[in-house]
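Structure record follows, encoded as structure tokens.
Chains here go by letter, A, B and C, matching the order in which they are written, and residues are numbered from 1 within each.
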């Protein structure tokens, strides 16, 4: 059971499978950090992203790159519209958290119902086949999908980190995340920051849905389940700590992977929720490892 | 006739659910979406007790309510330690987690659900009996909640919702009050669950998912949060409109999403154009 | 933030707390009333330490305060704002509402009388049924004070009660605060309005940068040129 090759395989597959969840969690956590909002509209955006690519590849027969671009444009536009005509309106009215929750959740449901009407409830994948060529490296099976997933996730994280740390726009996001009103006093537009974040989130959503859609079947309701992982990862990482949330998503993926060794696969999901419960009860402010001593974010 | 009576029972049960939910979010101002899970706790408790024990039905339903109340206190006490906003996510996690547990345990019937819950009343008298019982419970719920929110207790709840800090500085324990309101609302939902289990004699986990949360939320938002009749109007609408749509005889693949679209659009429209709902007064805003 | 503060307020005394913005005056109030917890040190009420007590418990012990932004209950009337305010209220226990209706009714009636009397002291009985948010600013401030006075405890903390208030409301507020002190309460007032402090306070304390710089009569403080410089900035 403790065969190093098997362990290595599980480790690699676990990391690769968690890659799309990392991307989705990062988008979600970033929105929470900067806008202070648990944005469940991301589920609807995920559906838009997937089905746009699905439609483009399978019905419009365009190359994958075009499909991706189309998805980015549509998802980004939708995200922006939701921010400008939905979230900002509610903010101007001084609405409470529950209102935002109702709006984002119901909006996602609306989008998903429309998509159900248009596409039906059969599971769909982006390409006809989800089989991916496999290379054996040191006795471990590494599929092309695995490699792509890990690369995309790593690049996404690196780019985001660079953006947040070294560009002015990114630093504005940090300022608004800390204290929107104070940032405004210094001439930083909070509205602009929120709009920028909504577009960045769209990129992460499209990337994650591409990976998910090329790895397994997706139904219109899938995003609602997928977003749960993003929520759990964000909670574990600690509200306001985007990269910790990413690490948490990997951690969750690994737990699920390795738990195969010990428990029946039907308990997989339950394990996830067990972790969520434990988080809520024991680490409501996120897990704080001694190394990750970030300053407490504004929320 | 039987069909209409079933709709009647459903309406009554949903009036109980939406009114008790309104108590928690509309009056208490607590952010939570887990109402269906307490409905589920009541239903499963009553159902399991009915199948496995000789305890009389009325007691089972009450025990369902008590179980729901205990679960809600556990949730609220842990989540409110952190903050009021945290309750929202914690309640979502609690709902999904508990449902997952129910799906994976054998004695709850697993994902297939709990079947063959024994009947209390049989024969021709059954449907009218349940109609009367659920109807009376619905009326009792609405009037009971109304009694709570008028008078000094209601005043306290309103003040807590308006300015919690000032409220606390006047010597009130806001957290305690929130837990009490939450417990009452969820306990009532548990009792509704017990009645539901006995009437339909079959309950399954997917009857209590996030979609159900959205349905109850819709009833309260459309009807009007923080009002007595709002949840009632919302419950009637949400159950009556789909009935009207079935007459159009659309194929099932189209009908379900169409219903969903109609309701989500209605909620979104109300949220932006008339946040106080159908019944609500203009001065209350979300 | 407050740094190291040693302060005693006596019954029947009106202590003025003055100093530039950001000096830590409101923070001090927040520490006393329980909104903030101190990193070190203790707070005593009549010789009994109260640091472990939560915000709401301190209010029940009798620490009553007003707020800079008033924090009136927006969706309620003036009378309702006051009815919610006494320290203990039987009507707010579900059990008593159900089982002890007579007690609840009596308490309600008594509180209503007290509320109307308090409003009358301010000359505002006629506003009882109006929504607080509909009143002019000065009256709202008086209502804020009235609400705080419904807590009949030994301590009264007033956070900038005069800000934005003038004319009749100003006179009323001075009169009422003086009456409260005379009836044996320990009163502490944070104010920028120096004439208010001078008319009302027997003693004053000057704070800056979280510390108490000087403690004495108002005249002594005003006479100190070092303090005036600090107050009006250099």
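As a convention for this text, a residue touches a chain if its C-beta (ideal position, glycine included) is under 8 Å from a C-beta of that chain, and two chains touch if they have at least 3 such contacts.
Predicted model, so just to flag it, every value in this text is computed and none were measured.
Colleague: Can you tell me which chain lies farthest from chain B, using the average of the Cα atoms as each chain's centre?
Modeller: C
Colleague: Going by C-alpha centres, which chain would you call the most central?
Modeller: B
Colleague: When the centre of a chain is set as the mean of its C-alpha atoms, what distance in Å lies between chain B and chain C?
Modeller: So the centre of chain B lies 42 Å away from the centre of chain C.
Colleague: For chain A and chain C, what's the span in angstrom between their mean Cα positions?
Modeller: Those two chain centres are 49 Å apart.
Colleague: Between chain A and chain B, tell me the centre distance in angstrom, where each centre is the average of that chain's C-alpha atoms.
Modeller: Each chain's C-alpha centroid was found; their separation is 31 Å.
Colleague: I need the residues of chain A touching at least two other chains; which ones are they?
Modeller: Residues of chain A never touch two or more of the other chains.
Colleague: Applying the document's contact rule, which stretches of chain C touch chain B when the two form their complex?
Modeller: 33, 35, 54-57, 59-60, 65, 67, 71-76, 80-81, 83-85, 87-89, 91-92, 94, 97, 104, 108, 147, 150-151
Colleague: Okay, in this complex, where on chain A does chain B touch?
Modeller: Per the stated touch rule, the residues are 38, 89, 93-99, 101-103, 105-107, 109-110, 113-114, 116-117, 120-121, 224, 228, 231-232, 235, 266-267, 269-270, 272-274, 276-277, 280-281, 284-285.
Colleague: Could you please specify the touching residues of chain B with respect to chain A in the complex?
Modeller: 25, 29, 31, 33, 78-79, 81-82, 85-86, 88-90, 92-94, 96-97, 100-101, 104, 210-211, 214, 217-218, 221, 253-254, 256-258, 260-261, 264-265, 267-268, 271-272, 275, 285-286
Colleague: Over in the complex, which chain B residues touch chain C? Could you list them?
Modeller: 148, 151-153, 155-156, 158-159, 162-163, 165-174, 177, 180, 184, 283-284
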